[in-house]
Each structure stands twice: as C-alpha cells, then as structure tokens.
Amino acid sequence: MATQHSRSAARIMMAPAVVLLLGWMLIPLTMTLYFSFKKYLPLRGGDLGWVGFDNYVRFVSSSAFWPSVQTTLVIVGGVLLITVVLGVLLAILLDQPLWGQGIVRILVIAPFFVMPTVSALVWKNMFMDPVNGLFAHLWKFFGAQPVEWLSDAPLFSIILIVSWQWLPFATLILLTAIQSLDSEQLEASEMDGAPPLARFGFIILPHLSRAITIVVLIQTIFLLAVFAEIFVTTQGSFGTRTLTYLIFQRVLESQNVGLGSAGGVYAIILANIVAIFLMRIVGKNLDS
Amino acid sequence: MARAVTNRRKALNTLIAWSIGLLIFFPILWTILTSFKTEAQAINDPPLFLFFDWTLENYAVVQERSDYMRFLWNSVIIAGGSTVMGIIIAVPAAWSMAFVPSKRTKDILLWMLSTKMLPAVGVLYPIYLLFIELGLLDTRVGLTIVLMLINLPIIVWMLYTYFKEIPGEILEAARMDGAALKEEILYILTPMAVPGIASTLLLNIILAWNEAFWTLNLTAAKAAPLTAFIASYSSPEGLFYAKLSAASTMAIAPILILGWFSQKQLVRGLTFGAVK
Amino acid sequence: MAFHTRALLGACAVAALCAPATAETLTIATVNNGDMIRMQGLTQDFTDKTGHTVEWVTLEENVLRQRVTQDIAAKGGQFDIMTIGMYETPIWGKQDWLVALDDLPDSYDTDDILPAMRGGLSVDGTLYAAPFYGESSMIMYRTDLMEKAGLEMPDAPTWEFVADAARKMTDKDNEIYGICLRGKAGWGENMAFLTATGNSFGARWFDEDWKPQFDTPQWKETLSFYIDLLNEAGPPGASTNGFNENLSLFQQGKCGMWIDATVAASFVTNPDDSTVADKVGFALAPDTGLGKRGNWLWAWALAIPAGTQKEAAAKQFIEWATSKEYLDLVASREGWANVPPGTRTSLYENPEYAKIPFAKMTLDSINSADPTNPTVDPVPYIGVQFVAIPEFAGIATQVGQEFSAALAGQQTVDEALAKAQTLTAEEMEAAGY
C-alpha cells in the first residue's frame, strides 16, 4: 500500500516531532555529559577545569548511591504492584452492573486530577500527622498508639501516597480493556459452569495482559521521576532517598553541578536498563 | 427468581463499589470540607465532619494574599497551549507511523518514549543556562515549549494507537476518489479520530497542569502557574490546615471539574492501544 | 488611569525617599513567613511613596532557597530583591554576587541595626543584606506546668535542669510532653538546633584543619542527650517535627517547654492562635557551664543580586522595608507585638515595645550569640548554627537525615555519628579541602 511517494511524505510529516525530541534529548544530554567531566561548583567560581571520570567514581562510591538505587526500585515496584493488583480488582468491580456507576467512576478517578504537591501535603498533614492527623484520631479511637507514619513506615507511606495518585490511571486503562472483552465469550464460559476464579484466570487475565503491560510501562516512566511526594514529606530522610532525589541534593542543595550531572548520567542509564527490559515485553505485546 | 438473584448481586456490587469509591475519594472530600472550617475547627479533637460553622473566610484570606486568577490564567495557558501545540505536531507524525509503517516505526516510537526518562533534576542546570541565553526564563512561551516536549512522546503514542484502529480500507477508498494527502488527514482521519484526540487532549492537559518541577523552577512572577501558588502555602509558620485546604482546593478545582465533566470521554478513549 | 499616575507622581514629589527615576516594577522573592506576608499587605505604602510597584514571589522556605540559589549561581537575573539568610549573605557577598549596601542615606541610620545582625550580614565591614527580622533561640515554657512540677525556671538554666524539668512535666496520658525540639532533617531544621546545642556541649563541626569532628566524645554526648531526652519527654513523631509542627503543638498546649526561634514568642502569646497565650514564660537557651549557650543567631534579610537593572528602585524598597518608619507603620496598624523583631537598637529602647513580655529575653538571646567565636574550642569558620561555606547546606542536610533516623530509632547514636563523619569527609574532599 505504501508507495515511494507516501513514504517520503510520511518522513516529512514525522520530521517535526522527531527533530524536536532529538533536540530535547541531545542538547541537555550533551550539556550534562560536558558538565559531568568537569569540576563545576557555581558557588566556588563555576568551572574549575576538567577532572576526567572523577565525578563518576565519586558518585558511585558515595555511601548514598546503592541505597538510593534500591529505594528507587522499591518505590517503583511497590507502586506498580499495588496499582496493578488493585486496578484489576477495581476494574472488574466497576464492570459489574451496579447503581450509580458513573458517579462511582468519578469518585475513583478523582485522585488522578490532584497535583502531586497537593496530594503529598494533604496526606502528610491531614492524615499522617501523628498528633493532628485523621489516622492518629482513628488509631486513638480504637485505643491504639498512633503510628508515626513518615518516620516509622516512610517507604510504605510514600508508596501509599503515590499509589493513591496512580491507581485511577491503572483502573481506567484496565476498565476499558475489560469492557472490550467479548461478553459472549464470558457468558459461554458461565454456561459451561466455569467457577469465577477459573473465569478470571483463563479468560479475563490473559485478555488484560496487554493492558497491564501498558500500565506498567507508562507508570514506570513517571514513577522513576517521583520527586514532589518525597520533597514534601520526608525530604529524603529515613531511607526514602531515591536516585532522583540524590541527584537533586547534589545539584541543588550542595550546588555541585559536575557531581550531579554524573549522577544524571547514571540515572539515564538506569532508566534505560528498565526501559529496554520493559520494551522487550511491550514490544512483543504490541506486535500481537 | 433469576431476576431476584441478579438484583441482590447488583445491590452487593453497588455497596462494595460505593464504599471503595468513597474511600478513594475521601482525602479530596476531607480537604474540601476542611477548607470551610476555621483553623481551630480544622484541628479539633475529635475531628469535625459536617457539623461545624461553615465559613468562606479561608478563601477570602488566600485570595487577598495571592492573586488567584493570575496563577489560574497562567496554568490554563501553559497546560492548554502545550497540549494543543503537542497535538498539532503529533498528528502528522502519528498518522505516518500508523499508515505508512516502516521497519523502524516501532523503534522510533519506543525511542520517543525513552526521552521521557531523562531525569529532570539532572538536566535542570543546563536547561536553566539555555533559558537564560534565549531569554525564556519566567515566560509562558518557554514553559509551554518545555511541557509540550515532555508530553510529546505520550501524545504521539496515544494518537498512533487510535489511528491504527482506523480501518485501512476507508483510506484506500478515499484515495480512489482522488483525495489528496492533506484532505485525507483533514476530512477523513481526523473526524474518525476525534474521540481519540479528545482523550489525548484531556490526559495531557491533566499531566501539564500537575507538572511541578519545571513549572516551579523556570518561573518567577510573570509566568507562575498554580503549582507555584501552592508552594507559597505549604509549611508556613504554624499549621494552617484550613488555609492550606482552601489553597489546595483552589489549585485542583478547575482540573477536577474539567475531569468530571469529561470523564466519559476519558474512560472511552484512554486505551494506549490496550484494547485489541 | 492617567489621573492615578498623576496622583502617584504628586505623592512622589512630596516623599523624601523618592528618586527622579521612572516608576519600576520590582520582582521580589520572599519566604512565606508571617512577617513577610504582612509586608506584602503593606506594599501599597511603598508604592504611594515611590511610585514603584512590586511583584511578589512568595515561596515556602525550602523551595525559596532552591530557587534563589539556582538563580544567583546561574546568573538568571529573575529577581530584583531576594530574601536570604545569614548563611547565604557572607558567601554570596564574598563572590560579589550582591550589591553592597554601603551608601544608604543617613536617615536610614545603619548604625541603629543591632551589631550582631550587622556583623552577620557583612563581609569585611560592608553590609550586603539589610535585616528584615532577626532572631536567636530561647526557651519558651509553660508557667502553669512548671509550677505544677514544683520547679522554678531560672533566667539562664542548664541542660541538666531543663532535662529534669522536661521529665517531670511530661504526662503522656494527657498528651502533655515535657519538651518539644526540632527533629525534622534539614540544615535549617534539626541541624540548626543540634549545631547550636553542640556548641554548648563543647562540640564543633571542624577542627582548625577542617577535619570533621563527629567522632569526638562531645558530639556523642550531645546526640545521646538529645535523643534520650526526646524519647522520654518528647512528643510522638519528634523526628519529623520542624518549627511549624512544634509551634502548633505548643499552641495546642501539648508542650511543656520548647526551645526554638525567638520570633515564635509572638505566635505563642497571641490569643487568636494559641490556647496557652497567657501562660508562657521565657528563658535563655541552656548551657553546660562551658561558657557557650545553645542559642543561635539568624536573620532573614533583603539583598539585591548584582546585575539587576533596577538597583536604585531596589535600594529604595530595602530602605523602606527595613526602616524605623516601617516598624512604626506595622505598630500603628497591627500593634507592637507584630513588629518584625530583632533588627534595630531603637526598637528595644522604645518604652512601648519594652512592655512586650518577650522583648528583653529576645534581645538578651541575640546579644549572647557570637558568630565569629561560636564554640568552646577554636574553629576556622563563622556561624553559630551553621558553617559559612557553600558546601554546608548540602552536608548538614544529609547529616541531619542520619541524626533524624537515629532519633526515630532506626539506627544507634554511634552508627549515625559514624555515617555523619564519613559523608562529611567525603563531601569536604570533593569540595577540595
């Protein structure tokens, strides 16, 4: 179907998007690479000369590096697990006949519209505060000692906040996928007397695999960059310092642009490892 | 008999779904409620749910302190502008990927997504220097461009998946009729893709509206959107839950309302090609 | 509109401050503290006097620091005036990043600024930022609870007394905690308190060769004392409490004592916000008899970044906002208790202001802090609760996170100190010491 003519037309039409993104990738990347080989301390006069791979060595050998990689993976993995599992269950529930479906759907997707800063502020102050938070009141009501969420269970708290924000997204995509499931197929299996669990395992879940992959891919891209939630709640204390946050501390708090840039290059590498891993799966799934 | 069972099941489903829905929505509801309390009522022990003296005082104080409309307007322009600009650039690209696929199409698509993996904090300094050079700091144009670039991959991908679902025969028929490329896109594809474009638009407005790193770091007074507005209310001296809630409500209300009105559209269109 | 402009010009001709230059629009970055919010509300007075208008960029403290530091380091030129602290001023002033404020008119009376504040905001005798408000730290305590515990607070207590009193005042069943202290990680949060407290225990950040000192017994004593005290007599969640959280706890009547910024005194004695407004007493920060008290010295000050196009107008604003007349203006509108404290000698000589219960203790606290000689043993740095080197903010925030984790019980005092020592040494090496 594609002629030579339409091929070249296609190329021209793709050009603006490709060129813009290429620029958006290459210009900062080149500058980051440039800075990463420099001793660059804005507060000490700026450019202090080339230092080879010093920044790279220093960034990885710092005692904070590996824990931050681990924290990043725990947060991304935790949120993915929660949003996908709950998302599937919620999507199935919302697909059932029920009264006021539209309103329930609105209630469920609402958190997605809330800016991360606001949701972090609300959770931190009005729910997780150990004295004035609602959770503290609830715990006291049942005679329990209020939990100090952000210091006793900091990672869990952040995963909870981020999951709350992303659960609607997962639910929405999974819901659209479920709705496209052939209802005749389901009814036939019901007739055959297949128990609900089997129906879920053999029909629904395989049908959702593609949607799940996409949820995982898109969310991972956003979750690797989680920042506001940590900045507002723990500021990286209690083992919640992700790689992104560590770079933030190097560049902005310590004003060590060289070291931070080297960290940025590592973050790009980590992101790409995750990306290649994911895209292998997605690529396969997209073909089907 | 069968009917009764269905109804009972429906009632049970309704009960469960509503409980979960309210639970998920509760933090937002609580914020809105708190914004109508006085500061003392906001931290009352036990917490007050509905029976307190409703007041608009917090909104008045917040409005007096910061000119809400100015921030709102910036948010509208930046989020809307970047999305529209992104769609204009993405439609042709997505079209050609969907209808004139080559061996590299998928690679290009995945490469585009991978540009989103650039950690913002890592490249802030270079971008800041670049913005100084170009005189783009604290301008809506600068911010619009950055947000457009950030969301462009997502826009391209979403549009690509919608376009791919449009049957090729329709296009061939149009070509037989002698439709030019431009007409093909304008009169045939675009109308068919309207639901897809609409949900792409919505999703990206939401993403741009809530973007809090670049919008905060590249603006000062003139182009500051609502994310900067909220940054002047977090952790003041003393805990002002009611004022924080009022400011939060003001920051999220426009997008929440937009989202609610268009949720059907969003639900129908948000597939990312997940449906096959 | 035309009429309005003429009216402004008329006002301009009368006002002594007014320069012949055209009306400018100043962009001012500031922190969202109560005194600054009040200043924003009074901006019209400045506009009436000079014809210049102001656009405010009000941000939460952490975001503000990040924004202004980024902007001045990259020479972004986003702001005509920045609100900065006693930590940034000497570092930036030395780099010539700030406009020197050495040509302010006589009517401004630079000599009236408290010597401690002037010293902390100057480099080699040249003023680089004008203090908007200044503070030290002191003990705020509940007179009723102190009485109930059968104790009497001296004006200058020791840590031993404070610890004993805190334990006696604690009544956890009724949610009364003997002492509230900062535990939230950050160089301006828990590390401000701990560094100042360390001074009173004989600890220091660096020896004269810039070697980190966290492996010394003095730091171990400081940190153990602090953690034990908060565990026994502190509120829940102490490791995430900063200034704001403690202020709110104190106002709700849940703290027996609170050692923090002197500016908090006006909040805890304000009956609109505080349930314990009439039961608050004040005392100097404690010591251990080594000759140094655990109080800090800080000022939020207004500075002009070098390279601004609107230097003249910016100077006019600083003259207005940090003048004696501004203090009178606030006093006439909102009462003397709401005047920005801690900047001018004349304020403390004013008999009206002397009636404020915390005025004298604030001044005494400020006068007892010495940034140039902060510790028991000699140090190569300036600063009471900070070390005035560019790397400090980054290092201290990370050290603060280790100490905060120790307070939360996630690691021992020894582990926290060992990590602090390692990371400080790493960062200092990276900076080239």
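Which chain is which? They are A, B and C, in the order written, and residues in each are numbered from 1.
What we mean here is this: a contact is a pair of C-beta atoms (placed from the backbone, for glycine too) under 8 Å apart; a residue touches a chain by one contact, two chains touch by 3 or more.
None of these values were measured; they are calculated from a predicted model.
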Practice item. Can you pull out the chain pair that has more C-beta pairs in contact than any other? Key: A-B
Check your understanding: Most remote chain relative to chain B, going by C-alpha centroids?
Key -> C
**Study point:** Cα-centroid distance, chain A relative to chain B, in whole angstrom
**Key:** 15
Check your understanding: Approximately how many whole Å separate the CA-defined centres of chain B and chain C?
Key -> 39
Check your understanding: With chain centres defined as C-alpha means, what is the inter-centre distance between chain A and chain C in Å?
Key -> 37
**Study point:** Overlap residues in chain C, where contacts from two or more other chains coincide
**Key:** 62, 66, 70, 74, 245, 248
Check your understanding: What positions in chain A touch 2 or more of the other chains?
Key -> 132, 252
Review point. By residue number and range, which residues of chain B touch two or more other chains?
Key: 43, 124-125, 129, 231, 234, 239
Revision key, fill the gap. Per the touch rule above, chain C residues touching chain B in the complex are 27, 29, 32-34, 37, 40-41, 55-63, 66-67, 70, 74-79, 242-245, 247-248, 251-252, 263-264, 267, 273
Practice item. Give every residue of chain B touching chain C within the complex, in rising order. Key: 39, 43, 64-66, 124-125, 128-129, 131-132, 137-138, 216-217, 220-222, 224, 228, 231-239
**Study point:** In the complex, chain A residues that touch chain C
**Key:** 41-45, 58, 62-64, 129-132, 145-146, 148, 150-152, 231, 234-239, 241, 249-250, 252-256, 259
Check your understanding: Along chain C, where are the residues that touch chain A in the complex?
Key -> 62, 66, 69-70, 73-74, 91, 95, 175, 184-186, 235-237, 239-240, 245, 248-249, 254, 390-391, 393-395, 397-398, 400-401, 404-405, 408, 410, 419, 422-423, 426-427, 430-431
Study note, to complete from the structure: So, in the complex, the side of chain A touching chain B is made of residues 1-2, 6-7, 9-11, 13-14, 16-18, 20-21, 24-25, 27-29, 31-32, 35, 90, 93-94, 96-119, 121-123, 125-127, 132, 134, 137, 141, 164, 167-168, 172-177, 180, 210-211, 214-215, 217-218, 221, 224-225, 227-228, 232, 243-244, 247-248, 251-252, 257, 260-261, 263-265, 267-268, 271-272, 275, 279, 282-283, 286, 288
